[in-house]
Amino acid sequence: MSTVPQMPKCWKVESKPHKFCPGCGHGLVLKALGEAIDELGIQEKAVFGADIGCSLLAWDFFDIDTVQTHHGRTTPVVTGVKRANPDTICIAYMGDGGGYAIGSQHLVNAAARNERITVILANNCNYAMTGGQMAPTTLPGMKTETSPYGRDVNEAGYPTQGPEMVAAITREGAYVARGTVSNLKQLKGYFKKALQNQMDGNGFSFVEALSTCPTNWRTNAKDTWAFLEKEMTQYFKVGEIKNPAAKEGESGE
Amino acid sequence: MSVAYKALPFEGEKGSWTVFMSLCKGCGLCMEKCPKGCLSWSSHLGAYGTPTIEPNMDDCTACGICKAVCPDCAIAVVKKK
Amino acid sequence: MSKTVKIALAGEGGQGVQSVAEIIAEAANEEGREALYIPNFGVEQRGGVSVAYLQIGDEPIGSPKFQTADIVVALSDRAVRRTKKYVGEETTFVYDTSIEGIEDDLPKNAARILAMPAIEVSKNELNPRVFNIIIMGAVIKATNVVSEDDAKAALEKKLGYKFEQNPSLRELNYNALSRGMELV
Amino acid sequence: MTEKPIQEEKRAFLTGNEVVAWAALAAKADIMYGYPITPQNEIMHYWTRMAPKFGKRFLQTEDELSAGFTTLGGVLAGRKAFTATAGPGNTLMQEPMSMAEMMRIPSVVVVQQRGGPSTATVIYSQQEVTMTTFGGNGEGFRIVYSPSNHQELFDYTIKAFNTAWKYRFPTFVLGDGYQAKLRESLTLYDPEARGIELIEPEPFLGTEPVNGTKSYTNMRNTYNTEDELYDIIVRYGEEYKNIAPEVIEFQEFDCEDADVVIVSHGVVSRAAKGAVQELRSQGLKAGYFRPVTLRPFPADQLRAIADKTKTLLLVESSYGQMSKLVKEAIFGSTVALEYLLKPGVGVTSEELVAKVKQMI
Amino acid sequence: MSTVPQMPKCWKVESKPHKFCPGCGHGLVLKALGEAIDELGIQEKAVFGADIGCSLLAWDFFDIDTVQTHHGRTTPVVTGVKRANPDTICIAYMGDGGGYAIGSQHLVNAAARNERITVILANNCNYAMTGGQMAPTTLPGMKTETSPYGRDVNEAGYPTQGPEMVAAITREGAYVARGTVSNLKQLKGYFKKALQNQMDGNGFSFVEALSTCPTNWRTNAKDTWAFLEKEMTQYFKVGEIKNPAAKEGESGE
Amino acid sequence: MTEKPIQEEKRAFLTGNEVVAWAALAAKADIMYGYPITPQNEIMHYWTRMAPKFGKRFLQTEDELSAGFTTLGGVLAGRKAFTATAGPGNTLMQEPMSMAEMMRIPSVVVVQQRGGPSTATVIYSQQEVTMTTFGGNGEGFRIVYSPSNHQELFDYTIKAFNTAWKYRFPTFVLGDGYQAKLRESLTLYDPEARGIELIEPEPFLGTEPVNGTKSYTNMRNTYNTEDELYDIIVRYGEEYKNIAPEVIEFQEFDCEDADVVIVSHGVVSRAAKGAVQELRSQGLKAGYFRPVTLRPFPADQLRAIADKTKTLLLVESSYGQMSKLVKEAIFGSTVALEYLLKPGVGVTSEELVAKVKQMI
Amino acid sequence: MSVAYKALPFEGEKGSWTVFMSLCKGCGLCMEKCPKGCLSWSSHLGAYGTPTIEPNMDDCTACGICKAVCPDCAIAVVKKK
Amino acid sequence: MSKTVKIALAGEGGQGVQSVAEIIAEAANEEGREALYIPNFGVEQRGGVSVAYLQIGDEPIGSPKFQTADIVVALSDRAVRRTKKYVGEETTFVYDTSIEGIEDDLPKNAARILAMPAIEVSKNELNPRVFNIIIMGAVIKATNVVSEDDAKAALEKKLGYKFEQNPSLRELNYNALSRGMELV
């Protein structure tokens, strides 16, 4: 009979409970990621970069070599690591603000250069760490601290389609997918393929994970799931967008 | 590295179920996803001084969904063979 | 001219210490006194100890934080550890009786140490939601920074819209305030 | 026109970030461009809540580079535009501000300092003094106000717009996390009701034709020869020197007979004030000097005091950034210097009193 | 008989001959743009922003209100103008380096927000002003100062597909096209539609113009045309990618 | 291993940018990350030509933010990584360098100063002194060498790698457009053949397991409380102070009996040297002082001279950026100060001679 | 605003053709695009001290292509009606 | 120890003044002398006047640019206007006879003003492509900074690969050099 928590092996036990809020999707994304890393057996070779955003709270989340970087700059830091030591397996972890706003030049250019790194982006439709401002991914009509009357698409545009954008500037070698913490098994599968794509030297891999932020959404558990599963998926289509391994007729999940 | 967590185990027909109180933040995500609706708030306090959860082991099928969706790995479920 | 009163309130994210400090500050300001309230804040949206620094006096307040408080209220084990440095020889140190494992962490140098069963009282007599209002009662009684009436007026201002919807809430809060005042 | 946000005067109990938003409204700012960063966020939060009510605009940009450059665009279009930032965001803001310096684009930036370097803390410090006063590649032709309480935060935010548009040097209100987040009372007012004239902005670009003919403006920040640049910098330098006496502000008291003068700025000077009062009440000869403008620095004013006193005690929540300004300003003085440097943390009156007593 | 040069009306005569090199495509792009502006009659309302890159040489090119900005920052400056004064017709002019590298976060976010501005990007496959370094658009195998042995796609990726990327993050209101100085009439047509799209308030408009750089390509006139027309078009497809006006069955050129 | 880029010694006639590329090779740098900007470009041009021959790497990034942060990544991975920039690129570089400061990541940045502020000129200046010495949000815990000729450019670029890796403060070689573009002769050498030991970098991340167990590293730059940050800054400050005497470098001559000592740095000190020689040859008592490290600044050394001479003539191609460093360093001195400030343009011996003669 | 340029006009059967020497930088782009191949280097020097171009008016059809492709607007062509 | 010789060469983008300066500098360096050459450069890749600053002496050279040259060579109208500020009382100012409209711009204070038909000579006698080598000849003759032989050796080093392919080029260049020396 098990009386120890069933955490992924690469989670750092001493830093648990982790620093994320109750019900935070970051915990789920990193659980799926931890399992993916365990299953691929790459804990020792992995280098994990954490962006500023709530992702920074993961600076000591894993028993994995980790560097917490600046807001939006995790992609270049991790690119720098990989270029200098191609034996590492490099993961850049960031939020929608870090990835699609302040760090978008790094994201699109790393993608275009086909850097052999894996970028994982937790999309929670807002700037969570700073207290819930509008993000590029905020849904139309959604109220945030800087869209107090709801996001007006005429003023602020529609939610950024990150994976679609990344797909548009990458070529064959890239792996691009969007998962959700609502389907952790699938998400873990995407992570494994993304990491495998890096390990195979194919190229850039990118997974956006639809994630939850009950604190800034001001939702209870029920509404948290509902927002994730009903609202967000109206704008963000879950699935694989680009998969080099699926070339021969094999199709994504 | 071993860290001790205060565990609250429950036994049922289909398996055993444990919540680690110092990991549970009382977010309630598990509760919403339990297909049997057999989780409820417990009077024990968790990581943030917030209530943890407890199962109704009569209904629990030890399916492990609650465990899977917990962002804090605060639940362990072992199915009986 | 009376001395500026310095208050530190500390608890876990959900315990509502910031609201207590803010309401007291508002009440003092309404009384025409000088009040300064500053929350501590860190990177985490929740988690971490929440500390409220509050000063009330008759002259403009100096630096927003202070080294030694007149009263420190700590509502969790981590809060006790975090705030004992604000205790000086004239400080009243208040903590909740329900906190476990802090015997060794209690400040040695306080003028007065007061264990207060606020969590218990709120659970058993009132409602866990008004736990922080009990604390508020205790603070205003211990410090005299604002009158009970002004405290009630400030509560009304802050929570009036809720009281409208559910008038029994008003009474619950007022009771909590009184119970808190009794506990000191 | 919608009605004035503030009619006459009113006492208010607010956080500093709210104060800034109100001040910008009172100064008739038209548009804010910004990117979130703690501890500045609530300026945007309050602005976005109030803006639509008063016909104001807001744009949340993709980063601070964009916040700074869109702000310049807004100014070029003839609007009172402003932005606010902190810490690493302030670092990035130096790129657009270097363009503003070169092209003399009036611009107002509110900075709420947090701990540094790097991401450090989201809380408080006075560690952005050097960067804010001297900026990126260039000579730091800019004006920096360092307010110490909410009333001043309100006053100087309003003033910053007039200063920027009058002199056309980028103007900064250098607050900090404490000021941003604390609540205290102040009086809000309509500056015009107090007889403060608010400068009307004029468009640089998108101008209207005059008598049916439009004269076109071509603006640049790049020069071909070193000599062209030299002439410009020297001219700016002269202009800056000339306006400095008009711009400089400071506060002092009890310096006449002081043995020790505490020099501090911003929120730290609240503690200094309390300390000097306390020391005087104990019969100790302490004095108080505070630069309100960190740039231009009240050099002559401080020098006059340095000539009379024995020791200046330099106090700041950084590792000596204000101290550098002081030393540059009063070079030649032989006054003794003492320091209380607390990078990233606050300073209290109590510790200042103790420090001075130990010195005397 | 004409004895005055037939320049677009909005060209500033006093600054001609302009500062671009002999045979430079910037001159052609700005000729097409000048004609488009003349034909739309918007000279007085236009605001022209010039990036750093050889585009900066256009700081006094037009009798149009102009601001030369920083490298990569023309999009935000011009966005700032437009947001503050929506009556202006705002044009951001930049090179491939300014648009796709250092300014790409601005480009993709302005596009995502559907800013009512027109971005015109001269793609000359290199960083010209700084003396011919590799750009995101440098062709595979092409030698530049920082790819002296030819661009290695394995190291540096394939040429960035800018308009395709912009198209992927914009919605209906946006106009996106790629023209070439080899077909100035078509290019002018794209510019007119792009500007009209802004004037109609539909949204963001973006035109990439394939352009020449004989100085850094080290080509004579013949090879200049050949590189533009034969090499570049292998990687960059000329045509309209997104046209709100073409919705009703009407197709792009 | 491929063979050494430089065998023993050889005289060469090169541009400064070539010199830097050779020096980086000689210092066994592994990888350069960079973004083009004049007048630094040719460092990349030469590096990319030579790199493959010696098993070195290069990455051209999307901007200077990326160049700086990828450089830090390269260092974290255990490689000797470096970058080079100028002007507005240097402004952006302050963001990554603030992270390097906080996390004590050794890093080498070569700066070839150009005119400022803003885009200004692509040519020359000494206007990036303040920014390079003090940086972004933070306290400027960094080391800055200011070479004056190609030999020094070579020597100090090599040295910068050792300094950075030894002390773990970001290290800058502060050149300028003139040094970048001019051609003159120097001696290239293999530092190891001269007995200079080159520090081997170690990985921070991606480390190998020891005896089958890997111990994991978790690095951060963000802290929760003000006190945590305070302790770190004060500790860094102490460390910096302690290493300063070891790091500080300067040059002086003819100061013993000088009436006027010319203080200058970098390329300007070439003119100063010529001027002092000329003045002495005319029997005039001029002296020469030059900080080689601008940070830490040779304060004691200059103070000793200031105590003996009547006037310091501060000369620089900026509007007083080195002068600020001087005044801070020797505060308390009552030496008279005179200035020759030429922002963005060069200084010649002739005008210095004229200036001194007019002063005496 | 009027600025005077040194113009070199040529007359042909189909029209008139002019090069403005102080605008022409001698890039040769026009030459390559002339469908008649009737442009050649001239001995007159242009904007950068480089040779300008001149047409063989016998072949020139005044089609205006050279004018259209000139980045410097250095050519004027007027077709005879 | 002889005085350092200061040379300023200016022309239009295509006139090759930078190559001239570079070759002379290389030649001097090969002779074991101290040489410093710095081009001016601006934002434009072409267009704009190109100026080369060259100093040759026996001691390490001081500042890379100078106020007064020993010899100034200006090859276009704009070059004349741009470089006349480098002329002092001991300066030799050389310009090409073909330049029009500069009568008023010629420096008044030069020690010697020399109009040189280099463009014409190159066109008529040699080849427009070696125009700059004529200039080079003139400069080395006027300044004596390097010997003719060393200048030839430097030419060989720089253009040797071209001479290999087309040996007549070598002669053309040598002739240009000699012709240039004669023109001074």
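In this document, chain identifiers A, B, C, D, E, F, G and H correspond to the written order of the chains, with residue numbering beginning at 1 in each.
We take it that a residue touches a chain if its C-beta (ideal position, glycine included) is under 8 Å from a C-beta of that chain, and two chains touch if they have at least 3 such contacts.
From a predicted model like this one, the values you see are computed outputs, not experimental measurements.
Asks: In this assembly, which chains make contact with chain D and also with chain E?
Replies: A, F, H
Asks: What's the overlap between the neighbours of chain D and those of chain G?
Replies: Correct list: E, H.
Asks: Quick check: how many Å separate the C-alpha centres of chain B and chain H?
Replies: 87
Asks: Taking the mean of the C-alpha atoms as each chain's centre, how many Å separate chain A from chain B?
Replies: So the centre of chain A lies 26 Å away from the centre of chain B.
Asks: Distance-wise, how many Å sit between the C-alpha centres of chain D and chain F, to the nearest whole number?
Replies: Result: the chain centres lie 31 Å from each other.
Asks: Rounded to the nearest whole Å, what is the centre-to-centre distance of chain B and chain F, using the mean of the C-alpha atoms as each centre?
Replies: Averaging C-alpha atoms per chain gives centres 59 Å apart.
Asks: Can you tell me which residues of chain H touch two or more of the remaining chains?
Replies: Answer for chain H, listing residues that touch two or more other chains: 42-44, 46-48.
Asks: What are the residue numbers in chain E that touch two or more other chains?
Replies: Residues 12, 20-22, 52, 56, 68, 70, 101-102, 104-105, 109, 129, 131, 136, 156 of chain E each touch two or more of the other chains.
Asks: Touching at least two other chains at once: which residues of chain B meet that condition?
Replies: Within chain B, residues 48, 50 contact more than one other chain.
Asks: Let me know each pair of chains that touch one another.
Replies: Touching chain pairs, listed by label, come out as A-B, A-C, A-D, A-E, A-F, B-C, C-D, C-F, D-E, D-F, D-H, E-F, E-G, E-H, F-H, G-H.
Asks: Under the definition above, what is the set of chain H residues touching chain D in their complex?
Replies: Per the touch definition, chain H meets chain D at residues 42-44, 48.
Asks: List the residues on chain G that touch chain H in their complex, please.
Replies: Residues of chain G touching chain H: 48-50.
Asks: Considering only the defined contacts, which chain E positions touch chain A in the complex?
Replies: Of all residues in chain E, those touching chain A are 100-105, 108-109, 112-114, 136, 153, 156-158, 160-161, 164-165, 167-169, 171.
Asks: Spell out the residues on chain H that touch chain G in their complex, using ranges where they run on.
Replies: 12-15, 46-47, 76
Asks: Which residues of chain A touch chain B in the complex?
Replies: Residues 1-7, 11-14, 16-18, 20-28, 31, 184, 212, 214, 220-222, 224-225 of chain A touch chain B in their complex.
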